[in-house]
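In the two assemblies presented below, chain A is common to both, partnered first by chain B and then by chain C.
Our next item is the complex of A and B:
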């Protein structure tokens, strides 16, 4: 039980980090960023290389977040910004192209094989025993960090000036722009935050899951489901939905091995049919 | 679009000429690789063009079109393997079953708004995909349906031979494309485009929106199923990849690359995608890298599909 719960929580928290960026970008820019899984994957690989070069896991995590924030800005400025006016499918096409390019780029730089990063040395200590179950300390730290970020993100959006501007831009970007806010800069910042979160998730996931060129795609589908179930644009919804999906994955393997995916898709369809705006989404006319 | 007095007659003549040309090519220049390409293109053309009935005409972006393609392939392959029925009968039944599936899925989806329509179609497709994977006794799971499809002869066609399969696929595809052309040129097609451009106005004129959308969804599903039948004949089996997410993506990219406002756009997009696939995989193992760069060049350079771009160019010249 404890094992399933912790593994469910870990999956859920990682999903939340990725999905939070996805939902933020959609909320503000109305862009469905299909390349978000690529940010996550690259974050994992950057952390892997940084750890190899410096030996510091903290540095590796920070480097991954910083690199992906930069990547997010470049991606938005150089590619997505060019097609804001045209058909939404053009954005999709560009995201898909980026996914294809970087999946292969990763293969060229790091090789097509799976990489195992291993636990950071500081955490290679005996596991904790909680309620008769085994919990590696790194797992506890990982869940803690993710929870902290969720909190910071929620408070930041609710309290800070930047957070308020972002929320305002989500509702009416033209008005925000008319009020003198540099929305071009704001959009880039949102992409930077989304990229940093995904990169962070990739770096945190690297010791727990192995790295492979296809890893971005599988997390993309899941975090996509999370954003849709939680309500596109809702951070709180993303958190609840991510934990829900994570736990469903954790426990589903006991009840329905082999059909966990089907269970998740069925849940998504039911929610969308009966509550199309998602659990926590605002109803738009 | 040129102003012809008999557009239906003109389209039929064009289709007939195209068919004759396609059928004559192997007689002039026999190349197995080319025939292979045309067979795959036949399936792709039906798949992508039927999707464009939704995307281009009705403005409904379905992310789950691959489900019907995959379902057509599985239904056909299973009927041929498990029953002694004749090949054309199995093909027709497979298409009919796909239409029924599209009716069921569409009944749930078509009332949703554009964004959620896209997500629900994607989710239904992923559900269908995981059913294929987990129902191993029937579908063979992730290995796919193996053992080959028995190709019982009919009307002198032996689809085991590549030449016959080529002829058969060309005829089916051209007839299917012609049917789709008639549908999109018909008053029904015009209705769809009106809904796409202004659904309130269409609604005021007395059109029941969900009924027109459902009809489009069912028709598109049926033709995708027909494409799936051809795909099953080509690979001699059915594989879960046919119904997977990236396959729906392929159709969307064919539509986007070729152009959504021109009837033959998806066909041209499919030709480009398949040709790229064949050329690039021969040269390098990094297919995704090259394809990605090409897509980026098209998307950022033209900002619309190839045929749409050319049409705008011609229109600008004429002015």
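Our next item is the complex of A and C:
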């Protein structure tokens, strides 16, 4: 039970970090960022190289988040800013091009073969046993970090001036702009936060997952399921949906070993049929 | 306008056309001997193509350095099929019909190799498959082709050798409860089944208490790992490979999986061993290629020369392609021709000296498949040579059980 729950939490929390950025960007900018998986992938690779150069995992994680924040801003300014409000197909094409270009770029820089980062020495310790379940310390720390970020995001959006502006811009960007808020800057900031979150997730996952070109794609699909279930644009929804998916995976593999993926899609279909705006989504007029 | 017909661009075009036509001229003059080599050079398993090419190039450099083949320098034409069967078939045809290749080295994975096989049947060119391990490619007389041979391990050989080793190991350790964890697609499911068939035959009290089937390339295997831990098997058999195996080992380490059960795998290639950080000791593992098995100076020399030249460790495919070219060389010399039928006659039953043979030789058996190559199982250690205490499989026993299996399949 405990083992299954922590395994569900860890899958869910990493998924939440990626999906939170995705849903934030959609909520504010109405851009379906298909290139979000690329942020996750590049975050993992940046962390891998930083760890190789400095030997510090903390530094590697921070570097990945910072680099992806910067990448997010550049991506938004150079490409996405040109297609706001235009056909969604145009945005999709640009994002898909970025995915392909950076998959190849990763191949050129890091090679087509997979890389393994390895566990940082501080976490090379035996797992803890809690109530008969296995809880790896590294995962406990990961869940803690992700929970902190969820809290910070939630509070930040609810309490700070920036958060309020972001929420206002999500509802009516033209009005926010008319009130004298620099929305151009705001949009860039949103992309920076989204990028940093995905980069962070990539770096946090790197010690246990394999790094390979195209790895962003697998997490992208799960992230989209999370945003659909949670409601496009809702951070709280993303958190609940990510944990739901994580736990479905954790427990589903015991109950329905051949149908774990099926369960997740079934959950998505149920939501789409009975609550198309998602668990926490606002129904658009 | 007409005057401008001869401008810089048209001169360039003519020059390019001339360059493109030049190999054809060379062929007419019979100077270079062109060999077509196709494989997967892009995508997640590009290592198949690149390490096969490296193995082949080492053999070709050696042959060219000592005067070529039939007095002609060898030129290899490489093609990427991207792993798609229809593309593999098209490329094979193009290599022979348009690029003027007289011989084929096919380093395609099984999906592509079966497509190439049919092209070879049609064209009658001599071809050696150096990557496909699927037994039926040569074992099934309906699929076998007169001029196509396999210089690669064969699935059924590995299944027999692996199961024999694991059955003896289980008996020694008194293990009866096993679990399996393999990728959820044709290869993983079929090969697991084949191993288990032999395994159960050798160890009737074997019990498979749980099975896990992660998706190919699944990034997070936590649920698989926790499921295995919960089932508490004594040992685990896995066919995960490359990045998936690395992720499994990293995530398994987090849960101390390797201290709770013995893990056995036939799938760890040399570069994978080197790329996995924190490789746990004591994984029961087959050798696909190992510099120290067979432990001979010739094998060590190959491993070191390869490492020096390409700055990476040879894969299983490297030795197979290298040996494949060696077979081709010996057969062409013996037949004194590049004619498909003559080479096929020379290759059948051919025995060559090779560092990769279990007793220093490799044999191309009458049924067009390789035998007497090194198969062994040992235990992993975190540092080079990565696998130690390798026990070689007994070929007499493999062939005996393979024959039974072929009868069962109605191949003979």
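Quick notes on this one:
The working rule: the second predicted complex is superposed on the first by the 283 of 285 C-alpha atoms of A that agree within 3 Å, B and C clash if a C-alpha of one lies under 4 Å from a C-alpha of the other, contacts with A are read in each partner's own complex, and residues count from 1 in each chain.
Throughout what follows, contacts are C-beta pairs under 8 Å (C-beta built on N, C-alpha and C of every residue); 3 or more make two chains touch, one makes a residue touch a chain.
Since this is a predicted model, take the numbers as computed values, not measurements.
Aligning the shared chain A places chain B and chain C next to each other free of steric conflict.
Judged by the touch definition given at the top, the superposed model places A:261 against both chain B and chain C. By the touch criterion stated above, A:116 is placed in contact with chain C alone, chain B being left untouched.
Looking at the shared chain after the overlay, A:207 reaches chain C, while chain B stays out of its contact range. In the superposition on chain A, A:218 makes contact with chain C only, while chain B stays out of contact range.
Of the two partner chains, chain B is the only one that A:228 touches; chain C does not reach it. When the two complexes are overlaid on their common chain A, residue A:90 makes contact with chain B while staying clear of chain C.
Applying the stated contact rule after C-alpha superposition, one finds that A:60 touches neither chain B nor chain C. Looking at the shared chain after the overlay, A:101 reaches chain B, while chain C stays out of its contact range. When both complexes are overlaid on chain A, the residue A:46 reaches neither chain B nor chain C. After superposing the two complexes on chain A, the shortest C-alpha to C-alpha distance between chain B and chain C comes to 5 Å. Once the two complexes are overlaid on chain A, the chain A residues touched by chain B in the first and by chain C in the second are 258, 261.
Contact residues of chain C toward chain A in the complex are 42-44, 46-47, 50, 211-213, 215, 217-220, 222-227, 229-230, 242-244, 246-247, 250-251, 253-256, 259, 271, 275-278.
Chain A contributes residues 79, 82-83, 86-90, 92-94, 96-101, 103-105, 107-108, 221, 224-225, 228, 232, 258-259, 261-262, 265-266, 268-269, 272-273, 276 to its touches with chain B in the complex. Those residues of chain A whose C-beta lies close enough to touch chain C in the complex are 3-4, 7-8, 10-11, 14, 112-119, 123-124, 126-127, 134, 136, 138-139, 205, 207-210, 212-215, 218-219, 249-250, 252-254, 257-258, 260-261. Residues 55, 61, 108, 112-113, 115-116, 119-120, 123-124, 126-127, 130-131, 133-134, 245, 249, 252-253, 256-257, 260, 286-289, 291-293, 295-296, 298-300, 303-304 of chain B touch chain A in their complex.
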